[in-house]
Amino acid sequence: MTSLLLALAITASQILLGLAMGCAAFRMLRGPRAQDRVLGLDTLYLTGMLLLLTYGIQTGRTLYFETALVIALLGFVGTVALGKFLMRGEVIE
Amino acid sequence: MMQAPDLPTWAAIIVGLLVLGGAALTLVGALGLIRLPGFYARVHATTLGATAGMAAILLGSMLCFSIIQTRPVVHEILIALFVTLTTPVTLILLARAAIYRDRSEKASRVSSDGGAEREE
Amino acid sequence: MEMLLSLAIGVLTASGLWLLFRPRTFQVILGLSLLSYAVNLFIMAAGRLRSDAPPIIGKDPASADPALYADPLPQALVLTAIVISFATTALLLVVLLASRGLTGTDHVDGEDGES
Amino acid sequence: MKRLVPFPLLALALFAMWILLTGFSPGHVLLGALVALIVSRTMLSLRPEPPRVRIGWAMVRLAGLVLADIVRSNMAVAKIILSNPPDRHAGFIELPTDLRSPYALAVLALIITATPGSLWVQHDANRHVILIHVLDLVDETEWVTQIRERYERLLMEIFE
Amino acid sequence: MHDPRFLLAVVALPFLGSVIAAFLPARSRNLASSLAGVIALASAAILVAYYPLIEQGEIVRYALPWLPSLGLDLTFRLDGFTWLFAALVLGIGALVILYARYYMSPEDPVPRFFAFLQAFMGSMVGIVLSGNLIQIAFFWELTSLFSFLLIGYWHHNQSARDGARMALIVTGAGGVCLLVGLLLLGRMAGSYDLDAVLASRAAIQADPAYLPALILILIGAFTKSAQFPFHFWLPHAMAAPTPVSAYLHSATMVKAGVFLLTLLWPVLAGTESWYLIVTTTGLATLLVGAWAAIFQQDMKGLLAYSTISHLGLITLLLGLGSPLAAVAAIFHTVNHATFKASLFMATGIIDHETGTRDLRRLSGLARFMPITATLAMVAAAAMAGVPLLNGFLSKEMFLAEALESHSGTIIDVLLPYLATLASAFSVFYSVRFIHQTFFGPPPVGLPHQPAEAPPWMRLPIEILVMACLLVGVVPALTIGPLLANAVASVLGDRTPTYSLAIWHGFTTPLLMSVIALVGGATLYILFRDRLNAVERSPIIGRLKGRRTFEAVLAAIVNVARGLHERFGTRRLQVQLRLIIITALLLGAVPFWRLGYSRGPLHDTLIDPVFGLLWMLGGACAVAAAWQAKFHRLVALVLVGGAGLAVCISFIWLSAPDLGLTQLLVEVVTLILLLLSLRWLPKRLPDIWPEGRKPPKVHVRRGGDIALAVAGGTGVAALAYAMMTRPPPHSISRYFVENAYSGGGGTNVVNVILVDFRGFDTLGEITVLAIVALTVFTLLRRFRPAPESIELPDQQRRQNAFDEASEDHAMGDTLAHYLLVPRVIMQWLFPVVLTFALYLLMRGHDLPGGGFAAGIATSIAFVLLYMANGTRLVEASLSVQPVRWISAGLVCAVATGIAAWVFGYPFLTSHSRYLTLPLIGDVPLASALLFDIGVFAVVVGTTLLMLIAIAHQSIRSPRARKPAQPATPEPQAGGRA
Amino acid sequence: MTGWLHHLIIAPILLPLLASALMLAFDERRRVLKRWLSLGASALLIVNAAALLWFTSDAGTGAVGPQVYLLGNWPAPFGIVLVVDRLSALMLLLTNVLGFTSLFYALARWDRSGPRFHALFLLLLMGVNGAFLTGDIFNLFVFFEVLLAASYGLILHGSGTERTSASLHYITINIAASLLFLIGVALIYSVTGTLNMADLATRIARTDPGDLALLEAGAAILGVAFLVKAGIWPLSFWLPRTYAAAAPPVAALFAIMTKVGIYVILRLSFLLFGEASGDAAGFANDGLLYGGLATMVFGVIGILSARQLTRVAGHYVLVSSGTLLAGLGIGGQALIAALLFYLVSSTLAVSALYLIIEPVERNADEEDMIAGVAEPVFDDEYVGAIEEEEDETGVVIPGTIAILGGGFIFCALLLAGLPPLSGFIAKFAIIDALLRAGSVGPMNWTLIGLIIVSGLATMIVMTRAGIDLLWTPGEDAPSRLSLVEVAPIGLLLAVCLALMLWAGPVMAYLEATSVALHDPAGYLAAVANAAPAGGTRP
């Protein structure tokens, strides 16, 4: 019973996170300006990471932790590059 | 896919609430991405998921795995740390770029008799 | 799930193909990226869908039961494919840049015709 | 010791990270120490500005303050998003600062940005002014004094 | 001589001589010519030594195994006929060599000439002595080749080049037809061996493939023997030095065709198709050649057309199919060789001594060169068929045969008249040849003062003319036995009785001869003055053979170019569409034949999150496709969205390793693409105003959409069909079962990558290394497009702002921008490195591994580069990516090779646990070492590529300097 | 092959890999060292390939038949295996002869026109050797990628606009083909559950009829990937252009590249879809036949319309591929043997041609040499030498031109299938086999006709080109020609001459190869019975 409750809670939160990703994707698709889209992508990554964490809880496995960690530690590099490109016109000067 | 680890009831409730709460907060932040007008307002919205939302889910995860593995599992701290360290970097870089582009766009609007500017 | 994943592969393929047929080199590169996503998922599909059965076994012999795990072989193949497609994409990109520098256009044929 | 471990805090952090990642075992303590030592030395060649950090209560107080602020502003911003009040008006504020250490500035930036509702945009090193964007700007001076009072003082204590 | 092995020497000696001559110094003409002469005589001597055997009717055979499984042995075969022919080839060859020694200019680098001449001689003897059909074709093509070289010997002359080319193309093409014909013939006979073929007349003539084979063989023979309508190449071959003409157009080359027809006469002749084709062709050639010869102004041209005519005569005789005609053909072949060779040589002397061969300019030479004149007159008389000369005898035989009835067709009726007419023509041009050259007033305005040729140069002519005379006067004593041998070996038991007497009484043939002689002479007297004004032959002058030849070639090329345009393309898009269409069609064929069906398994329940994920993933992909043209950055971001969906899908589908790796690759790829974006042209708005695209564009885009949708649907259908089928009994079961026990790792995917299929990984890192090297190489010479050399717009504005505002120094905007991020990014560098090491270490047991670790490491470096800029980073850090690559590859290979020491194959892994005090069991797997190699290669390659691209930004200011305006492209080593 | 000799099987892959990895450790200043290293490795590769050929032929003592190398000591269907049999040994020898000659030639100057030439060159050899050796379809993909990656690098070697543009097409097309390759492999794996070729052969025979369509679709899509490499029409427009753009020694080595595609089709079609598989095989054969004929036609058209010799060579590559594919489509033991002879001969010929084109053109006056046979030369009937003042004294041909001319003529003869080099035997053997079939069908006749037409077209164009380039008097003194350039051409032609002289033994080897291809039992048994070293794994 508790297991089912927890399962429901996790599934519900996954759907919430999925919707959050949808919102981020909406911003990516909609723009209107490049920085909005980049912000959308950054949010998408972050939310995706949270989704992976809930998946880890759901399955009871720590296997997915490193993937989440990769997003946390390195996911921002892409956004940084995009931001720098917008600001300076090139990524590495 | 409906499954979940077997946890004691109290833990299950706490974990469930934490995760659900975190997800809800994140969704609110993401909604801000849709609802809030203007880029500078939207930037703030993201922080919800990156702070409290994430924290709640990480706490849930820590609790869950600590119980499953019957030992303290705290490596989620790393995620919190990294996200806290990195999110500002991206936001700072983006916000500054946005300001620059606002300015230059304004400047070119004035100079080029209002010709429609393309996005990039 | 099977239908969903098939559709996903199909959408990625179609988008990738459309870009592959475009005349600008950058479009072609993005098309190839999308296509390689599709192909990687396709290879995964060749091992059939398994959720929550990552092929990480335990150290005791009993855990080495193939029925418990998703097929690991397609995963290994996809890893190899990811690496190779990363490499070739990078190369194509640089050739694109060089071609653009030499011909002055980013048209795939090195001459600006109609798109 | 200084020559062997030029960045002791970093080495410690890396070691802690290793242990967090791998779990505690004698082998990993040894390996983690080794990794932390070697990797932390790579910073030598980058020649960063030498960090000066005073470890003490100030750090704990700062952490507590920040955590509380984050929780509070989370609620505030969530409310704004859900209700989207029409009278809300956002804006930039300029904040003169006495902080000079880049590390202190970085931590301030982290704090301001991590707190929903405020965003560090840039620091003008010539004028020593920080540009901040605020989501719900009611009173500019209040913001300025709050940040200076709550964070800047503690940061000065820790870093300078 | 009884040893058949020396037959090989007969063929081989000339080739040997050819090789030697090729290496002689350019000026050694005495040595080259004497060597060639000696060799020709030596070959001839061996031949003579076989005569006793031949006289007894024996066939000398010598076979060397060559390609036994295809029934092709190197077989040499000598019988009466081939003996006679080979003797002719070698004998006249020796005389031509002697003649050429004096004919060729002292400045001429003759060793090359003699090399070609001897090789040609060898090839010709090779044809004659071949005992195998394929071998005949082999030497046949060689004669085409060497005649090409001989005709083109004076290749600085346009006419020589063109003549040579035409000869080669016509005879070479014929040769290919001949090869197929002979192959068919061999198939009908069941063997390529000549004796076997000659013995299967009945089988061959009954075979349905007889006619195609016959036609193909005849094409070969007719092109070689310059039969109408292929005759046009021969006159152009007169651009060759005269000794070559004397040789090629008397005893060899053109005779190869009639030789082959004679050789195969026993099996091919006697059918209606043979009769019709060969007789008609021969007759036409006989008349056309004779007619054209009359109107030539060039002595060699006259002789060339005369050769055509005589070859037509021989062909006609062979076509008649009667044994007696065959005898006449063989006899005339020999006779023609002797008088034609001497006439060519005489012409050569005249040309040599006077500097011209123009009949209109020559006159009265008899008084300047009486001996040559006499010799030429005798030879020309033989050509005209004057009694007491050899030409008369064979022509009488021909006329006699012309009177016979062979087929009951109109040809039988017409033949006597046409034969007489042709003979009259022959007399006509012979008389003209002699009269205009040697008689009349002394010549005026010749390039040289005519004089008698040196005696050694005349000697070959004297010998040949002597032969004409002797055969003409005492045929039975001279040619008689030789001819008898030849006839017997060709005709076998069908050998007819014939008489070589000079006088057969007053017969119809004699009457025809007389009519021809008188008529020909009369015609000359009537028309001699008008002939000199003729530019080209009347009637047949309109049959512009060579012009047709060139026109046909030109038409072929033009058609080919048209077709090439039509059926080929240089455009990439078209090629890609074709590949996809082909794959779609071929992939659909099995389903079209066998039907498409999903498998028996039910769909598993859809996870709503997965559904949401792919709604947005799919939307990102489609939107990226839509945006890529005008909004590159947007498309890039959108592709990133789709990529994230893929990563999460991997996790959902139980592939944590893939999720991890794909994420890392996503980051690096994004940076790579961003790095390149700076060098792409600014996007210009669509060239067509919105909604005004020409319909063609709409159609093409519609087609592309249709094709893309079809491809997507096809792949989706395949994927669905796969996934709904129960999995087969896969080899991967073994991997799961043995990953830990045999491979020492619990992450099965990683054990597959570094152990079970470590070889794949070795190849994969090699690919990485190659690509990195290529990228690096390419970028060393990278030249950005002119408009990209400028700093990006943003930087220019920011610099301008820095310059303008008082409280800003140059670069402050950037410094302020990066102040905080730089601190954080810098200190994250060691953190990411640590994380990478962690990934590397745990890969064997848990998701991670060398590749992921390597990518993570390079991302760490990229972080530094972004934060600090290239100059600053490289001032402090020295990364040598190529060394990393090298070390990594060596490490991986060495790990694999280490297994050899223990007697195991490459890449055999070894894993065990080392128990250390305090620490406990430490896993030591050779696979880890291998993975470290992978790690090093990945770090090296990724860094090399990223840094190489990033460096362009520093390099371009150098290119920006005004000192270097648009420099021409530095194409070192290119074909410039 | 036992003991240490056994490792000879993997040496064609490891040797170039190690040599190039070591070379990377040295920078560009150590050119001499690199040259010796690569030349030495390349020479060793020939010796190695010859040894493998010896061991797999009847000539080898003891170990007759396919030899198997179990990588990682894992038993056959599970680990990756290398298999060397007659066919792969032959291809290896051919590859490495081309490798050696091209490399030698490159020493004249080409290896200096860009960095890392030797490493890339050896890695290309590694890729090709691996493709010929591997007995695993995914490993085949990996080696395809290795050879493709190296070929990308080599085409770009020397840089320049044309090379860059051509390689952009080449790379894109090959990436697309590689994606198809992966789809094909995935489909085959999804049905059979294996990647080992021999194991596939046995499993395909037991395939559930319901899965057959999927399997065949996989094979068909895989086939498209190979056909792109083999250069079938209409998937091969990139080929002549790419080869023409490449530096001569690179193009000379590329002569083997289409043959890799052909080899794989040959190998897999006989192994997986031999006589037993009925309809599907027939369908595929028809496809190969018609595709091959179309390719030949296109190649001939291309040869006739070429304006540069490199284009002639490129289209000749297509003709050669087309001949092989069409021949494969018709099939038959004798024909396959003949085709293999043709494969060897035409590959050597094309390679030699690519090497000789550059020095020949270097001596020509104009850049765009072949005026084309289109322009008529004669205006009218023969007028003889009367009206033109012609110089009837031969000119001394400079040694350079003489050597080039000789080499050029030999190349032309080889390509046109004329004696005295191996091209003639090849043509003879193919036509002989086509005619020897029980009933000679119209397709046999078409193929014969096209073989003849292609030979003629080659002869016509090469004659014109040779005359224009070598015989037409030029004003400039001929440029220098180094021994380094001449020797490899001579070596290639000598090999062709040797093929002619020893056609008997060569053909015997090829016939045995063909027999073994038609009855793959030996191959299957060798793979199935290959035992790991030391009984069980350590």
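Chains here go by letter, A, B, C, D, E and F, matching the order in which they are written, and residues are numbered from 1 within each.
As a working rule, a contact is a pair of C-beta atoms (placed from the backbone, for glycine too) under 8 Å apart; a residue touches a chain by one contact, two chains touch by 3 or more.
No experiment lies behind these values; they were computed from the predicted model shown.
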Nearest to the mean of all protein Cα atoms is the Cα centre of chain F
Per Cα centroids, the chain farthest from chain E: D
Looking only at C-beta pairs that count as contacts, which pair of chains has more of them, C-E or D-E? C-E
Chain A and chain F have mean C-alpha positions lying a whole-number Å distance apart equal to 50
Separation of the C-alpha centres, chain A versus chain E, in whole Å, is 60
How many angstrom between the C-alpha centroids of chain D and chain A? 23
Inter-centroid spacing, chain C versus chain B (mean Cα positions, whole Å): 28
Per-residue overlap in chain B, given as positions that touch at least 2 other chains: 1, 3, 29, 31, 43, 50, 75, 78, 82, 85-89, 92-93, 96, 100, 119-120
Which chain C residues reach two or more other chains? 20, 28, 42, 45-48, 51-52, 54, 56, 73, 80, 84, 87-89, 91, 95-96, 98, 102, 108-109
Multi-chain contact residues (two or more partners), chain E: 570, 572, 576, 580, 605, 607, 632-634, 636, 652, 656, 677, 715, 718, 722, 727, 730-732, 735, 738, 757, 760, 764, 767, 771, 774, 778, 781, 794, 798, 817, 820-821, 824-825, 828, 831, 835, 846-847, 969
Complex contact set, residues of chain C against chain F: 20, 25, 28, 32, 35-36, 39, 42-43, 45-48, 73-74, 77, 80-81, 84-85, 87-89, 91-92, 95-96, 98-99, 102-103, 108-110
Touching chain B in the complex, chain A uses residues 2-14, 16-17, 19-24, 26-27, 31-36, 38-40, 42-43, 46-47, 49-50, 53-54, 56-60, 62, 65, 68-69, 72-73, 75-76, 79-80, 82-84, 86-87
For the complex, which residues does chain A have touching chain C? 59, 61, 63
Which of the residues in chain C come into contact with chain A in the complex? 52, 54, 56
Please name which positions on chain E make contact with chain A in the complex. 608-609, 612-613, 615-616, 619-620, 623, 633-634, 636-638, 640-641, 644, 647-648, 651-652, 656, 659-660, 663-664, 666-667, 670-671, 674-675, 677-678, 791-795, 798, 814, 817, 821, 825, 828, 831-832, 835, 839, 846-848, 856, 859, 862-863, 865-866, 869-870, 946, 950, 953
